[in-house]
Amino acid sequence: MITKSLLTIEQVNEIALDTFEMKLKATVSLDEVEPGQFIHIRIGNDNAHQLRRPISIADLDKPKQMMTIVFKVVGTGTETLAQANVGDKLDILLPCGTGYPIDKLEVQKALLIGGGIGVPPLYYLAKQLVQKGVEVIVILGFQSKEYVFYEEKFASLGVCHVVTNDGSYGSKGFVTNVIQEQSPTFDYYFSCGPTPMLRAVSQTLSDKKGYLSLEERMGCGVGTCFACVIPTPESSTSYKKVCQDGPVFEADEVIL
Amino acid sequence: MNNLAVELPGLSLKNPIMPASGCFGFGREYSKFYDLNKLGAIMIKAATKEARFGNATPRVAETASGMLNAIGLQNPGVEKILAEEVPFLMQYATPVIANVAGSTIEEYEAVAEAISRSSNIAAIELNISCPNVKEGGVQFGTDPTLASEVTRRVKAKSNVPVYVKLSPNVTDIVEIAKAVEAAGADGLSMINTLTGMQIDLHKRKPVLANKIGGMSGPALKPIAIRMIYQVRQQVSIPIIGMGGITSAEDVLEFLLAGASAVAVGTANFQNPFICPEIIDALPGVLEKCGFSSVEDAIGKGHEHATADISGA
Amino acid sequence: MNNLAVELPGLSLKNPIMPASGCFGFGREYSKFYDLNKLGAIMIKAATKEARFGNATPRVAETASGMLNAIGLQNPGVEKILAEEVPFLMQYATPVIANVAGSTIEEYEAVAEAISRSSNIAAIELNISCPNVKEGGVQFGTDPTLASEVTRRVKAKSNVPVYVKLSPNVTDIVEIAKAVEAAGADGLSMINTLTGMQIDLHKRKPVLANKIGGMSGPALKPIAIRMIYQVRQQVSIPIIGMGGITSAEDVLEFLLAGASAVAVGTANFQNPFICPEIIDALPGVLEKCGFSSVEDAIGKGHEHATADISGA
Amino acid sequence: MITKSLLTIEQVNEIALDTFEMKLKATVSLDEVEPGQFIHIRIGNDNAHQLRRPISIADLDKPKQMMTIVFKVVGTGTETLAQANVGDKLDILLPCGTGYPIDKLEVQKALLIGGGIGVPPLYYLAKQLVQKGVEVIVILGFQSKEYVFYEEKFASLGVCHVVTNDGSYGSKGFVTNVIQEQSPTFDYYFSCGPTPMLRAVSQTLSDKKGYLSLEERMGCGVGTCFACVIPTPESSTSYKKVCQDGPVFEADEVIL
């Protein structure tokens, strides 16, 4: 069940250009939280910002009730967030959405494909997979060298390829280039990133089973406003809500 | 005695607070946050005759103290809403107000007829002001003749009171309000969103796929207050007010302007508990401002108090 | 080459930033904060034929991300403005745009004639949209026939280009824009304030003595962008855009929507240095968004860029 | 000349109900500041609040570049201000307006009459007068006991009468009742408070010379927007601006 609570900021670090990692202490239990879920964060405490911002859960320490998020400053909301101080409290809705259903899957080997700010949720996913004995291969795509983060963290969990659009770090190109070059074998793929990337990934891997975590602008974040719908193949009016039914979907469940 | 109660055509409200149409779905999600019995009423999401997918995404954008939306009346169609959504709300002792939309007068009539066959709906909110659909919607709300015609014909098909929801995108809101009153409206619901746009500097195009969307939230409040105040002076049917309400103080401002009850929209997204929080805070705010009840405050912003010479 | 320069009828602007009428007085006060040579132009406070005191106070109120004002065209009359205020501005190499107001077409003509006798005014901003006076002002801006008539007659008396300032308080802004274009306007200035109200909960009456005031500030921006975007698609005379600008990013948004230059109003009150700060920030913002100059960005929000599949 | 600068909050105390005293450290010189002038404070640093708030200067320590302000929480702006923390910076315009012209006056004995949040500027005025060898008599009016502040501070400078509307502290009634009862003798009076009080004071003391400090809602605070005008007797269109020509006026200079 989603609840509203306050998280206390215990640490803020700029871990790559415009990219911040924040460690948050919860007063509510995080035991039910699954990889791929997100928190919906209120920005400021006055009326200037009417909409909350969805940010994925990048890591969890359930016994310590600690959560990590990683976000990139792209506009006023994330900018305000980045300026918050240690000790400040974030008003959040938690846990939002439906994550990666890894407990229901038969998987020995998984391919994780993340792009930009789609990388963070894959980290907690990778940790959970490895803990279940799954072998993980990771492909991370970034704009350029300055934006790369979490490479070592992923490398400690499995093979990790980094690709940058401009080739300033790792190989040059898109995540799909790496998939094509490496042709890795796996049972399931799990991908998160901007929609154009997910579209390319799901086309490239159209013969494989996989899960995509989508990004869409949100209003409520809890399923009431219909801001975040994505069409599904059943009919011309069928849909899923990214905030509630997603953000994680089976690759063929939605029309990108 | 409950000093928050309000009697309106078809609606015995335990308090004047209801979630606004389109900002509360059909109640299921927020029912997990709190007991919907707490609410004065519930305005459910717009119904059209057939299912609609609505507009492409992005459908929302944030603006200063407000937001834009262009959902585009996505809904499963009136029959499905009555069969699959409304029954859930029947477990609550809270009246349900159905928002009726359409592209043609015939569609409005058909939706109103379907609703009138149900016994679960306490009132209709006739949405002649949706700015986010290509056809129908807002044009009925900006032309007094069309507004009057659709009101008259929907009234004829309805067995529950009809509150006509007005668009603020007009030169003279009083003219429209008078037209729908004359056409038999039982009440007014005002205001819907003001059409606006935001442009993405990098993509060099409007943020919303629909380009234009409706602005709601606190930014809209002064416009809503002005329009309600003006309409209250020339029209006698009751007004359900809305536009940027985020606090019990805001509610009182709407009551003073002439609203008899209010709806809270966008604020639900910022704080899912906003409606019960406002309901809890309202008695204190009424008292602090010297009102004995909600009914006592309605329209009181039209009488002019005199200044005092107290030292503070 | 100065990539901020813009050429408009009667106005060679070194940059597209000017303070908006009524938010900068006649320049004296802000000249103490910075060198007015920095500005693209200056839109001075409205002039009427005779001196006016304006409305009773309170004349301003704060709203969420905005404000209401009901100054009521207080000014010393056009002759005094030309004799006592404008000469001060002549020390700066910054064109002065005079805002012309009135209660009757004859008054508008008289003010325009007086201005045309002066050689210090580069252009007229014809204010047919002031919401804060009992007579004249806004009614000329909400009726296309009247708007066209006053434009035509003022044009006939003016020897400088006339920019007609449009009111957003209309159902169809494009209709008004087309009417004034057809009547000979050299450009448009849009938008003026949206009428709103705030009620004092303790005094039980509107905060403003005039009851209704004009809403300005960031809350207004989505409305301004939408209206400029719509008008740009159907009218070819240049637009000076305004409404809630507080940053160079906002300026670019107005350019993309179709404005050729912009005015900054309310933001001067929050930050007296806002105009020079925006001017300094603009080149960087243009560059970041891939524009080589201001001229390059004008209207570019109407062409649709395609998405890319980059990983970030 | 008015400049924009940042003041650092060094102390915030609630000194009476809803009434806060704030000590501020300036980085610019305060030497030119006169009693009766005000600062124009930006609220927050986003767009939620478009208008600055005018607050009088209650005390100054020019060598130390310290300023004291006292304000009552009456709305969202003052509420936000009261929640500021030590170390936060306030964006202000300073010094605004025209103060009490005490250097130009021949005065041996002065009557100071303050009402509610009109009391603070009289404190720095009183200190300056006393320093010039002027005898001061002070009448302070408050709503009720909980709102009384600065009584001892004024009492250390001269005779100080406190009156409350409800009689819960000092005598009961309005400042004008005290004037009538005490009939003090003085050369000039100086008054600050809400307009109805100033009107009553100037009527009661119509045969005396005095200065009034007015309150009016402001936009710019520097003389450009014409929000704060007050009519003057010369003609039907003559006026003064409270923010620039005032807030202090000779009692017969303006029409209240």
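So that you can tell them apart, the chains are marked A, B, C and D in the order they are listed, and the count of residues begins at 1 in each.
Just so we're on the same page, contacts are C-beta pairs under 8 Å (C-beta built on N, C-alpha and C of every residue); 3 or more make two chains touch, one makes a residue touch a chain.
Chain-to-protein mapping (UniProt): A, D = Dihydroorotate dehydrogenase B (NAD(+)), electron transfer subunit; B, C = Dihydroorotate dehydrogenase.
Being a predicted model, the structure only gives us computed values, none of them experimental.
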Between A-B and A-C, the pair joined by more C-beta contacts: A-B
Chain centre separation in whole Å, for chain D relative to chain A (CA means): 55
Averaged-CA centre spacing for the pair chain C (Dihydroorotate dehydrogenase) and chain A, given as whole angstrom: 44
Computed distance of Cα centres, chain B (Dihydroorotate dehydrogenase) from chain A, in Å: 36
Centre-to-centre distance between chain C (Dihydroorotate dehydrogenase) and chain B (Dihydroorotate dehydrogenase) (centres being mean Cα positions), rounded to whole Å: 33
Set of chain D residues in contact with two or more other chains: 47-49, 76
Where chain C (Dihydroorotate dehydrogenase) touches two or more other chains, by residue: 63-66, 217-218, 307
Touch-based graph of the chains, sorted into line, ring, star, complete or other: complete
Complex interface listing, chain B (Dihydroorotate dehydrogenase) residues touching chain D: 64-65, 307-312
Interface residues, chain B (Dihydroorotate dehydrogenase) side, partner chain C (Dihydroorotate dehydrogenase) - complex: 63-66, 68, 142, 169-171, 194-199, 201-206, 211-212, 215, 217-223, 225-226, 229, 244, 249, 252-253, 256-257, 285, 289, 300-301, 303-305, 307
Chain C (Dihydroorotate dehydrogenase)-facing residues of chain D, complex: 1-2, 4, 42, 47-52, 76-77, 93, 216-231, 236-237, 239, 244
Chain C (Dihydroorotate dehydrogenase) contact footprint on chain A (complex, rising order): 47-48, 72, 115-117, 141-143, 147, 163-165, 174-175, 193-197, 199-200
Contact set on chain C (Dihydroorotate dehydrogenase) toward chain D in their complex: 22-25, 28-30, 32-33, 45, 51-54, 57-67, 69, 71, 74, 76, 217-218, 246, 266-273
